[in-house]
Amino acid sequence: MSKALLKTDNLQNFIDGEWVEKHESAPVINPANGKTIVDVPLSDEKDVSKAVEAAGKAQKEWALVPAPQRAEVLFKAGQMMKERKERLSQLLTMENGKVLEEARGEVQEGIDMAFYMAGEGRRLFGHTTPAELPNKFSMSQRAPVGVVGIITPWNFPIAIATWKSFPAIVAGNAVIWKPATETPIMAYELAKILEEAGLPKGIMNVVNGRGSAVGDAMVHHDDIRVISFTGSNETGRNIASECGKQLKKVSLEMGGKNAITVMDDADLNLAVEGIIWSAYGTSGQRCTAASRVIVHEDVKEKVEERLLVEIEKLAIGDGLDESNKVGPIINKAGLEKIEKYIQIGKEEGAKLMAGGYVLDDDKYAGGHYYAPTLFTDCTADMRISQEEIFGPVISLIPVKSFEEAIDVNNGVSFGLSSSIFTTDANRVFQAQRDLDTGIVYVNAGTTGAEIHLPFGGTKGTGNGHRDSGVQALDVFTEWKAVYIDYSGKLQRAQIDTE
Amino acid sequence: MSKALLKTDNLQNFIDGEWVEKHESAPVINPANGKTIVDVPLSDEKDVSKAVEAAGKAQKEWALVPAPQRAEVLFKAGQMMKERKERLSQLLTMENGKVLEEARGEVQEGIDMAFYMAGEGRRLFGHTTPAELPNKFSMSQRAPVGVVGIITPWNFPIAIATWKSFPAIVAGNAVIWKPATETPIMAYELAKILEEAGLPKGIMNVVNGRGSAVGDAMVHHDDIRVISFTGSNETGRNIASECGKQLKKVSLEMGGKNAITVMDDADLNLAVEGIIWSAYGTSGQRCTAASRVIVHEDVKEKVEERLLVEIEKLAIGDGLDESNKVGPIINKAGLEKIEKYIQIGKEEGAKLMAGGYVLDDDKYAGGHYYAPTLFTDCTADMRISQEEIFGPVISLIPVKSFEEAIDVNNGVSFGLSSSIFTTDANRVFQAQRDLDTGIVYVNAGTTGAEIHLPFGGTKGTGNGHRDSGVQALDVFTEWKAVYIDYSGKLQRAQIDTE
Amino acid sequence: MSKALLKTDNLQNFIDGEWVEKHESAPVINPANGKTIVDVPLSDEKDVSKAVEAAGKAQKEWALVPAPQRAEVLFKAGQMMKERKERLSQLLTMENGKVLEEARGEVQEGIDMAFYMAGEGRRLFGHTTPAELPNKFSMSQRAPVGVVGIITPWNFPIAIATWKSFPAIVAGNAVIWKPATETPIMAYELAKILEEAGLPKGIMNVVNGRGSAVGDAMVHHDDIRVISFTGSNETGRNIASECGKQLKKVSLEMGGKNAITVMDDADLNLAVEGIIWSAYGTSGQRCTAASRVIVHEDVKEKVEERLLVEIEKLAIGDGLDESNKVGPIINKAGLEKIEKYIQIGKEEGAKLMAGGYVLDDDKYAGGHYYAPTLFTDCTADMRISQEEIFGPVISLIPVKSFEEAIDVNNGVSFGLSSSIFTTDANRVFQAQRDLDTGIVYVNAGTTGAEIHLPFGGTKGTGNGHRDSGVQALDVFTEWKAVYIDYSGKLQRAQIDTE
Amino acid sequence: MSKALLKTDNLQNFIDGEWVEKHESAPVINPANGKTIVDVPLSDEKDVSKAVEAAGKAQKEWALVPAPQRAEVLFKAGQMMKERKERLSQLLTMENGKVLEEARGEVQEGIDMAFYMAGEGRRLFGHTTPAELPNKFSMSQRAPVGVVGIITPWNFPIAIATWKSFPAIVAGNAVIWKPATETPIMAYELAKILEEAGLPKGIMNVVNGRGSAVGDAMVHHDDIRVISFTGSNETGRNIASECGKQLKKVSLEMGGKNAITVMDDADLNLAVEGIIWSAYGTSGQRCTAASRVIVHEDVKEKVEERLLVEIEKLAIGDGLDESNKVGPIINKAGLEKIEKYIQIGKEEGAKLMAGGYVLDDDKYAGGHYYAPTLFTDCTADMRISQEEIFGPVISLIPVKSFEEAIDVNNGVSFGLSSSIFTTDANRVFQAQRDLDTGIVYVNAGTTGAEIHLPFGGTKGTGNGHRDSGVQALDVFTEWKAVYIDYSGKLQRAQIDTE
């Protein structure tokens, strides 16, 4: 079925408007069943160089195309994504594993982003503002940066790519995109769409391959002026350090250790529903997944009980089967990491209430599945309460008060998302102020960002930039302040003002 | 006179609201006459640690003070700076050397910044915006980052400090400030003012000392979450690299190789006036100084002639003497760097039309003065046309067309400021679009930024951030997206939208 | 041909999602040939009442639909308008007379507006901003107003309707629309599109008829909370007066007496091209049409000469014939008004250089055509230099200086659009500052507004509101300031701040 | 004491920078004791004409003063108001009657507004945004309107004046101000301050007198381009109608019938405190005063009880005596209106629980005092629940549900302010969305707006404009869209885009 859906058995790089034959490759494996879907190109520095050169030339023209016309391409792309939504979603489930319902949600996010960023074609607002001297005009404008590099992860293979490439494109940049080797199909499909939508050649270039080869070459290439990266903390730090040396702009988004707080006055059914969805959706492999649940001691038992009931109900299996609610883990390495942490949790004295094992029944053969896991009686400083596991694992931490909950929530090195369930109006407002993460939810889980608000986090999650929202434009544009003196005289700011 | 003006002979660090005795020190020397004015503390890592600890505690309270009340402190500080403007200006001339008129301009810039950023107390705008699901509320807000470090240069010892510290303060952060060892007096005076204006202890901490000790300790301190640096390119790269490793936000501003273009249709008198002011003001020691003049060949001779006439008129000497228009070079190292580049220019075959020597008459005894220098017949790729000299030196580059002028302007590794003189309406708009720098002037020199527009540059000048303007807030705040679901149901973005 | 294109021979009102049989009607006549195309309903107060009642109910639900979902309807409508562009353009030419190329431009404007206002679904920005008291939250939001009435003219039958209805709809209002009786076909087509795009019933209601019946009923209806009107000055004043009594919001756009200034340093070929297009396009029946040309005396003769040459070339006739560049006048009354003013101009002593007569050759039979007319040697205070003629008539006014040109431009009771042709950079900036109109063009004619900038004028042109741009939202939303105190205490603003 | 405080016994108009002798006058009476403080000029149409003429001339120059320099005058004025705060507050209490603490709050509001609008000098943001055609530049800017008229009420004699005049001034307009005849002292003091702060002559003109003479002349004067009015509904309608005829911009703020809703889950002590402050502060003579209390039936008795206890405690008397919490009614007419409504309330069957009578003990001799009054068991449609009484009178309306509370709150012809007390998080968000007023408070009374958020209301409260916040600028500026084509070609928007 897969090949029919994919319409090609030859995934290629897309450079300078051409589909380029690969020299080396690796198989793309469906995590639900271990079967190879297609091969992904493994590119090298030379491929990157070619792409950058093409992008550099193309960008100069693209920057001169009026932004409302640049935006037309995104409107068309959005329209095409909408028409192809079901097929894209199935392909996404095949390469990534997430269940179809979530895949559709992710594709929808890309569609929303297309229309949203297309809308920037007639906005891209800068300011006009009065100058302090007579007969002097001043304003600020957003200018494109040039060639930008984006490096995207396998867990949201199309949504995150749109977060990064669409603002870059509408702002007049050219893009070098390295998708994750696990999920090149979405990259292929998105590039196809942009090509068909009329994007000039060289503006979007897809160079598949490993981080150590392609990613590294991008980070070191002089003519790539921005790196926007979503991925692991360690890689992010290295990228930032290297980009720092080169004075390259860099935007990072590197996961979290997100907590849901359940207060004693919370709607517990709602809270548990939110936890299940946030913790086990995409098998916990979301950067915004809830991996900690901070529960007021007065409702701890009730929450545990209800969680167990709901965990029991979760159907696990191939995401293409709509009866399943939780899909596979991306690959063996992912599974092993989870197992390692389960072991650590046990050693740290956390109490395992559910899950804690690999699912290896016949029905899971070939795939990588892990049972939804619940640790309770965790302390805030256990490693399972501090480190990102990226699997369907909850560390439940009991607390005595709202203040303690806030402290525990904030007491990790990440700062992406947090959530609180409470019915108390005052606490809602304290919480949204005091929860020190880039995203805060009230009476909803830790996932569910909308594309028109800034996405990203504080502390170890990032370096201050944001994907999505109008803030995404800050990554891909330079502010230009323009002063025009029409007085016919030398006028000195701050000096000739009196 | 100096001591009377300074009102102390004991410059100290200001940590946690206390003036702290120094353990080591170095002399602060008036570049106009080589006399020691006072001693500057040379602090170490422990001083930084103490300051950060104090700042960390203080910041937690400060963040809870309503921003309009935080702003009151800046309004008061601005008022006090206004009242003390003349004294501050004289002290500034003494430690930095720039002529009094320019010193007054710089202090005025700080005053403007105080009032401007105070105005953010009742703004600090985020967005309310509709959510895509019913009974769901969404918004974005600016949150403070925590403890921030600022490292400022000697060439604008008070203005740049206000650009960095005032937005940080109004946004609810605490500041660790390392001023340049050459110019600690402005730091002392500004800290005094903030103290008297009622800033709570620990919010502004001044730790004097060398970059290798204090700066380095700041960059490596875990609890400093932002470094905002203005200074040399090399130091900036190192800071960015180290901050990258730590996922610290970092904002850099590192100079330029700014050009003024004079087209054949320009008002030549105006252009020459602009060149003289931009190239020789502050002895060329401004990051926005014009060090290249790109002249259309048809007016090249006229421009040269008039420049020579104007250079001849420039009175050079101690900036406290109001008859002088150009002051000293900051120190011997600065002088030697200039001399080195004059030698290079000669070797590269540039034609020296004026200056090119150290001023060492008796009247300059003790000081460091360099004659305003004009090289002509330079090519765009000479080192004197490419590298920052930071002295009163112009490389005049003849060109044949507007397009060539743009290419030459953009053909350097920096991107701070550029200027064009032309009377042609269409060229004005092409130029403001095509000049690839963060700041563009038309019919004015390369200096003269106003505090309410973004200040900073592209390429080797920075890493995408801006000082001043509302954009300065981006450095010192984190965007927080808040979603509040009041539906009483689990609603999934992108999925439950249909 | 027309009926095939129109797909119905029964134009009806569209009320509460139903196409409602008309009780009375009048013929819709093609101004190019005098033939009846279809009949337009002539409705009365009762029809308005029914529509308002339906709208009131529907709006309550619509306001609760998340704005991003409301926007989906506009995205779809925009897509459908794009697909139907050619057919819509031909219908537009048939009922309005403008040449096909211009009709396509107008339909494009509607398409652009659809996508632009759809983009507001995820914006509709209000502000979050800090409160002055601790534990107090504050923000502003845009709320819909309720049922709004829009009254649109025949000269831009679809573009202006989108300017007014699309922002109203995306912001959560319901609309009662009275199109001009001359051009009900565009209203029919647009309502069809919105219906097919899935707009809930009752949100868009089209009530055709005369201003004295339908318009009047709308203005007097208590439950219509906004009137947005484009049309004649006299009607506008009456509407504003009546709405004032009722405290109804009212937005007016009522034409202009727009001037193009040609300076002695202008590119004369370009200027003449701009004049021809601005003055004679749509036979001068645009509110932004240039009806005055202010020429520096030094280039007056040249401008006159070239104008005569270009006027000679203008092919006049049925706009459906693509070889024609100028179409008919809307109707006999329009023609008579023009003739009246030609007479006045002659009596005032203006010199008639071209045109000045009705075109009544056989080829124009049945239609209403007027020869492109040029008066020269006009003075600024002649009635033909002061009053809106709404026909292809230029009053050329010679001036001696830039300052005089500005004075003449500003010396009328209208303030919609103005234009200047000059190559002088300084004058460009003076002009854009000193020309006292809501729209200013430099080196382009008086027409050519883009939909994402505010459209409207000063003085007699309007009452301060703007169509199009984000400013259009101001007409159809109410600002709501929200303060939430979560301190648990009584806190008094301005009092408990110290 | 008063005269010493006032420093003059000759209040005059301030026209064209001159203090002008009055021809006619009326006494200004202290409502606390009936004593005459000073005389107020009663001006006529000629005075208005003189002021407008002066303003017209002055405005042309003022518009050319860079906005940051215009703002300097407001910064100085704010500083002076701060220094004179206590004296101004005492004078305010003398002429208006409100207790000193509230007077200080009002003066503080004026100070805040001065600094806030001064901050607009370096903002006054318009947009830069890309044009849809190549080599075309586009932007929007705020332009001043010209001469503006402001008409202010006696109940906030200085705060409202700053809301209207400061944005007008910073935006480059000149002002004709008609203060209420009851409170000319604040006008005198504010004009003095602006004069001393260096505002050029003719920019602020104070013309005292009656609405029927001065106000009417202002509304009819051709050269006043904006009327901003706060006052009665009837006058507002007439102004709007007349301004409509003249196409004058008009901004209205005309009171409310504001309700506080107390839900069954509310913090009742807090709610009662909020009610007392909102209903009886300034003796109920605030446009945002709470005159309705909507109480869930389950807590009705408790709320009534506690209200009675708190009413009992209210010390009433001369506001200059700091032990008093409630001051006098402005004048006899005000008192009579209140008495009339008490009678109506009784006849309508409302139950009078407290107050309901004039205070005429000896200690109130000469003054106009009314006992804080509480009606309960009111229905939503009683006249005392629908009409503005402008006195210390509460109509308590019991309801059965949240939904009913919202309906009752919205079921009046006004829409200024509303408040809800609830501890339920979900209700907070429903309420802020569904309460149909321009201002909404949660867990605070109906008063307490901050100057940086929009102030004004829906329905019968206004006509869509807002005082204060950045929205205030919309009243006093015109949007100007500027398009600059530098292509050297005729380019037609919407047509030449493909």
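By written order: A, B, C and D. Residues from 1 in each chain.
By definition in this document, contacts are C-beta pairs under 8 Å (C-beta built on N, C-alpha and C of every residue); 3 or more make two chains touch, one makes a residue touch a chain.
Everything numeric here is computed off the predicted structure, so don't read it as measured data.
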{"item": "Chains contacting each of subunit C and subunit D, listed by label", "value": "A, B"}
{"item": "Chain whose mean Cα position lies farthest from subunit D", "value": "A"}
{"item": "Between subunit B and subunit D, centroid-to-centroid distance (C-alpha), Å", "value": "43"}
{"item": "Geometric centre distance via CA averages, subunit C-subunit B, whole Å", "value": "48"}
{"item": "Per-residue overlap in subunit D, given as positions that touch at least 2 other chains", "value": "68, 112, 122-123, 127, 129, 131-132, 136, 139-140, 425-426, 428, 442-443, 450, 452, 484, 486, 488, 497"}
{"item": "Sites on subunit A touched by subunit D in the complex", "value": "64-69, 121-134, 136, 139-141, 422-428, 442-443, 497"}
{"item": "Residue ranges of subunit B touching subunit A (in the complex, touch as defined)", "value": "101-102, 104-106, 108-109, 112, 127, 129, 131-132, 136, 138-140, 143, 145, 225-226, 233, 236-250, 252, 254, 267, 270, 273-274, 277, 428, 432, 436-445, 447-450, 452-456, 458-460, 462-464, 466, 469-471, 474-475, 478-486, 488-495, 497"}
{"item": "Parts of subunit C lying in touch with subunit A, wherever the complex brings them together", "value": "68, 75, 79, 112, 115-116, 118-119, 122-123, 135, 137, 425-426, 428-430, 450-452, 484, 486, 488"}
